[in-house]
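Next come the structures, one after another.
Two complexes are shown next, each including chain A; its partner changes from chain B in the first to chain C in the second.
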Partner chain A sequence: MAFGGKTLRHFVIYLILVYLVLFLAVLNRESKKESFEVSQSVRVFAYSSFTSITGPGPKLKALFELSCNCRLEFVEGNDAGMLLQRLKLESESLGADLVIGFDQYDLQKALGEHKWRKLDFSNLNIEPEVRPALSNNYFVPYDWGVLGFIARKGELKLTPKKLDDLLHSEFTRKIALQDPRSSSPGMQFLFWVIKSKGEEEGLRFIQKMFDQAHSYSPSWSLSYGLFQKKQASLVYSYLTSPLYHELIENDPSYEALSFAEPLAIQYEFLGIPEYCKQCELAEKFVNLMLSPEGQKILMEKNFMFPVLKDVKKGTPFQALNDKLIKDKSLMSFEIPSNTDIDRLLLRWSELRRGEKN
Partner chain B sequence: MLVAFLESVKYTGHLVAISFLRIFLGYYYFQQAFAHFKGEFLFRPQIAEQISEFLPLSHAPEWYRFFVTAQFIPHWQGLAFLITGFEFALALSYIFGYVVRPMALLAVFFCMNMLFISGAAQQDLFKTFLAIHFVLAWVGAGRCLGMDYYFFKRRRGIWW
Partner chain C sequence: MNALDRFRAFLVLFLLFPFLVLIFYFRFSFDLSWPEFWWAFKNSFSQAILSAFFAMIFGFFVALGFFCIKKKWLRATLEILALLPNFLPTLFTLVAIFNFVDPFPSGTFGIVIVHIFIYFGLVAVLLANQIESRLGGLVEQAWVDGISRFQFYTKVFFPLMKKDLLGVFLFVLVMCFSSFSVPLVAGGGRGTTLEVLIYEKMRLSTDWGAAVFLSFIQTLIVFAISLLAYRGRGQIADRAVSFQWLRSRAGLLLLICLLSAFVLGYAQGIVDGFLQMSFFYELRFALFKQFFGTIALGLLTGLLTFVLLFCVVWAQPEAWFQNFLRSYFAPSTALTGFAFLMIGPNEGVWPWLKIPIVIVLLSLTSLFRMSWESSIQALHSQRMMGQVLGASRWQIFRQIEFPQLIGRASFLAGLAALWASGDFAISRILAHKDLSLAMMTETLLSSYRISQASILSFFVFLVGVSLFLFFIGAGRVLSRKLSL
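Let's look at the complex of A and B:
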């Protein structure tokens, strides 16, 4: 037959042969691999700035592999805010033994969508600011930070001192913010406003802020990049950001602005999924992260405050802690319910849609 | 068959240039397939990670997203095996000029899928490949400097 027939038979037999050979080759490779494999592998799912070369991940991994006779493999997510969405999509097929990077607004969702192993670290000698964050049984905070607005020194004619000052015409289209639907600092900003002003007043303020925002980036790093490229005059970021520029880039030209409203604290949590395969190794890695050595790496690489007491003693972080945090009041720790989070995100999205239309 | 191989240049000489493109593409796919085979692609859920990262950003229709999320992500091992096998099959087909037309049509389908599950950086590459596969299928690029000419001479038919 001219159309198909023997030709298609050729084609099908050819495909079957190729797949058969590949199948045998994979089998052969697997059996060799098994006979040579001497160590286990633990998979850690974390956000990209944690696993990147400049983040704390590689150093912690090297330290861990020295003593565990195992391999640690990072599975990289995007922004911390996207971790849960990805976990929801892939679930067990992701094969994560440990998940790093939730903040307090993710916890209820994480508990609702997945099963987690119980962790008990109540005996840790931790900072008083962190104590309330240890109240749950499944997630442990490993670092924390305070969020606020960062500016370049001497650039602003008017320095905002309270939230309402951000609505001044000088900042129109000049503030780099993050989308609360995909970025955890974005969510922190939304809750900061709501907590400071109440829900209705806060949302009215958020609506006015749409005119002030240069953009709502899907991740913190994108918004900070805009700020660094001088496309924005202000960025919502961590108060430790100026310290990063000072210590790493030797650039003291950034400053964290003081605000009258109590500032938002972000706690970063880790958790071990119930379906973990290397649960003990995962717990060992958690122990390393919560040891003074691990906490020092987290502080120096992640530019967040350690949860353990005395780790930041004698470092610029202690000075910053004293200068910026002890003088100010901070928002109290709470884990909002899923309903509250969903409602606020929905209202934010509706306002944003209305703004775009 | 060797005679037919050399003879193909004489009778389908107008396809020589495109045959070099075909062989180059075959070499490219062989490298890809080999890298997938030697690396962790078949044993780690890299393809599932790629899908869940880029699918939400793509313009894929809703039913396609649902299908990929429900079928591809949980069965990533099967999908990784299918992709690697197809890359090997396509590579050998293009290099030796064997069953090029049906393979190129399958490759068009393959590229259409990859377009939806790859990041913006790779989308242009897959669009270009899609066009090349389509042209290779259209002209029957296996007939020049390839085994397809041998079969075409004996059996005729539009698939050679």
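Let's look at the complex of A and C:
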């Protein structure tokens, strides 16, 4: 029997039917969910762990839609860097009304490449650590985290208390770090060292750290995964990371380490593009995120500190704050210029290249 | 220009589409640090060549190990397990290797070890499949003729298989050349490759012109390497190899060692994941949706691949076209993804269409090099005979090429479907939300949930393997029906 007969036709029809049925099953669920009548739709652009089912996005969306008579749609990007790229490439056609997820190292680039609406949230009752981050006119911080080293309790013979302790032979090839070129915590570590030691001394330290690092992962999740799988004794992460294990997994075996140097802070910002279509709704959503209820959701789902005062009161986040952060100096807030970032990354790359060449 | 030429030109334009879009939007920028470029190039090239070479050696011995297994179900199970490291998120593979190779040597050697681990199984499965289909009858004939084992390998095996070996080698080379995470984690100072440079230009410097230029150079380099490929012919025997020269117990032992190292590390994560199964109850609706999403993406990718492979057959034979397919290498994953992001809408049904198209664009020439070219060429004499007897192009296609190539096309379409079901890199760029289980796995990994991600990744693998087997099965059924 040759090709072109009934057999092939049946085969093709069968495959098409299988595909269509599966595809319709997926679409059907979505259309059912969205069949209620709404007058407007607001598009929020955010990174994947924010919008995912385990992140704060879905809960905030449900809460917002209860009162806005509108539909909130998340548009997902991989991370803040990729968010910016998509904004650049798709700009107005993307129709973003709100963008969530920049950190302080993205702000200069975001300001240089796009126009943003002015936002004034200076009256918010916020944590003192966050106040300086409100000084710009366009971006508002909605949560923040302090970065440092995380270890498993009782595993280390020597507990590092300052940066130089990391150079001890006990930690040779035992520290999981991130590549600053592709990871935001990686960039935080680079700036932490530079701010603590000065540029030249800091880079010399970074060079020595190449021997101590187990690996430089392209993302935080990969480095943290290596640490969780006991490939490394220390990982550079958020001081709130042990809280996740304790609260969600009932596993108290992780601890955040205290360091003598002022610790690095990561602020997460949001901004409303100038070309927004549902600007008022976007601002309403920002208000929700910055309300005590929204802040609580962000804290519990993102495992970051809330920017509003008193939200973490009576929670394990407050206890962690009191133990590791309160009365300690933290790195002061600044928005580094693109030139500074490019120069430091170039020097980091050169060191890495020269070291192993 | 006749209709066939126009068809060839259309196929070439389709493959070049991402480059055309990128060059149209960004133009080339030559603002590069050349020492940095050479450094990255040297790293990419050395790690890719060494990785491909050793993955071929390991994969070859493991392929011979497969021939020792008489029970079909056991061999099929081991083949599927051998594909596991190639399929899972890099983290799981890295953890298994770090457990096994301690202390782990960072640098080129480290990258090569990880790549061998990732690709040996794929190489073994491909080679075993090709050895069987190409050499089945010749092995017995050579034995009857009384040649030695050495003569068999030098006079029969390598001359007949060199094209296939080179095809698989180039396939692994290209994959290693464009590897991103592995060189960064395992490479020490050698972690800067061309792919990392492209990413850096694109994401940090937002210098898209330079990123496109780098990608273009990368394509040219692979193009040049691929042009070295030999043309060769084989015959389709499609029968089991039953000769001791092509069996290796040492290969089987090697397979078991490598797999045990991997499976033990991975299984531990799965056990931890099972202990937290209640977590998945909360996600049941999302899981259900994304299960179908995975199947939809895999099926569409497989179908598109199947159709395009036969489009390639229809457009044969033409030397320049063949050379192009053999040598062309698509731009980096991220660049191709972004090229499609810029074209047309990205809402509703569009990501469902764009993701399979991008996966097919990225994998088609690799599949061609891997075994499609040699399968087409094996039919050369039959095609010539058909022409001499006055058969039309359509008759040759439907009565000679399609019935004999359908099995191989289904195998390759199944492989494409397997990759599609495990993809999250392209989907993350083109989709506005999690569409598949693989994307969900990646999301879980980025929110501390490594155990849950382990178990979900295994589920993704099972779905991928089901799709792979579905295509192979469909191909066999169709092939049987056509031969009635």
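The rule is short, and it goes like this: the second predicted complex is superposed on the first by the 305 of 357 C-alpha atoms of A that agree within 3 Å, B and C clash if a C-alpha of one lies under 4 Å from a C-alpha of the other, contacts with A are read in each partner's own complex, and residues count from 1 in each chain.
Operating definition for what follows: a residue touches a chain if its C-beta (ideal position, glycine included) is under 8 Å from a C-beta of that chain, and two chains touch if they have at least 3 such contacts.
Please read all numbers here as calculations on a predicted model, not as lab measurements.
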item: More chain A residues in contact - chain B or chain C; value: C
item: Contacts of A:V75 with chain B and chain C, given as first, second, both or neither; value: both
item: Chain B versus chain C as contact partner of A:R86, first or second or both or neither; value: both
item: First (chain B), second (chain C), both or neither touched by A:R353; value: second
item: Contact residues common to both interfaces of chain A (with chain B and with chain C); value: 1-4, 7-8, 11, 15, 18-19, 22-23, 25-26, 29, 75-76, 78, 85-86, 89-90
item: Chain A-touching residues of chain B, taken from the complex the two chains share; value: 37, 42, 44-45, 48-49, 52-53, 56, 69, 73-74, 76, 81, 84-85, 88-89, 92-93, 98-99, 102-103, 151, 155-160
item: Residues of chain A defined as touching chain C within the complex; value: 1-4, 7-8, 11, 15, 18-19, 22-23, 25-27, 29-30, 48-49, 51-55, 74-76, 78, 81-82, 84-86, 88-90, 109, 113, 173, 179, 181-182, 210, 215-222, 224-226, 228-229, 231, 241, 244-245, 248-249, 303, 341-342, 345, 349, 352-357
item: Chain A contact footprint on chain C (complex, rising order); value: 36, 39, 90-91, 94-95, 98-99, 103-104, 106-107, 180-181, 184-186, 188-192, 196, 199-200, 202-206, 265, 269, 276, 282-283, 285-286, 288-289, 292-293, 295-296, 299-300, 303, 338, 341-342, 346, 349, 352, 397-399, 402-403, 428-429, 431-434, 439-440, 442-450, 474, 477-478, 481-484
item: List of chain A residues in touch with chain B within their complex; value: 1-8, 10-11, 14-15, 18-19, 21-23, 25-26, 29, 73, 75-76, 78, 85-86, 89-91, 93-95
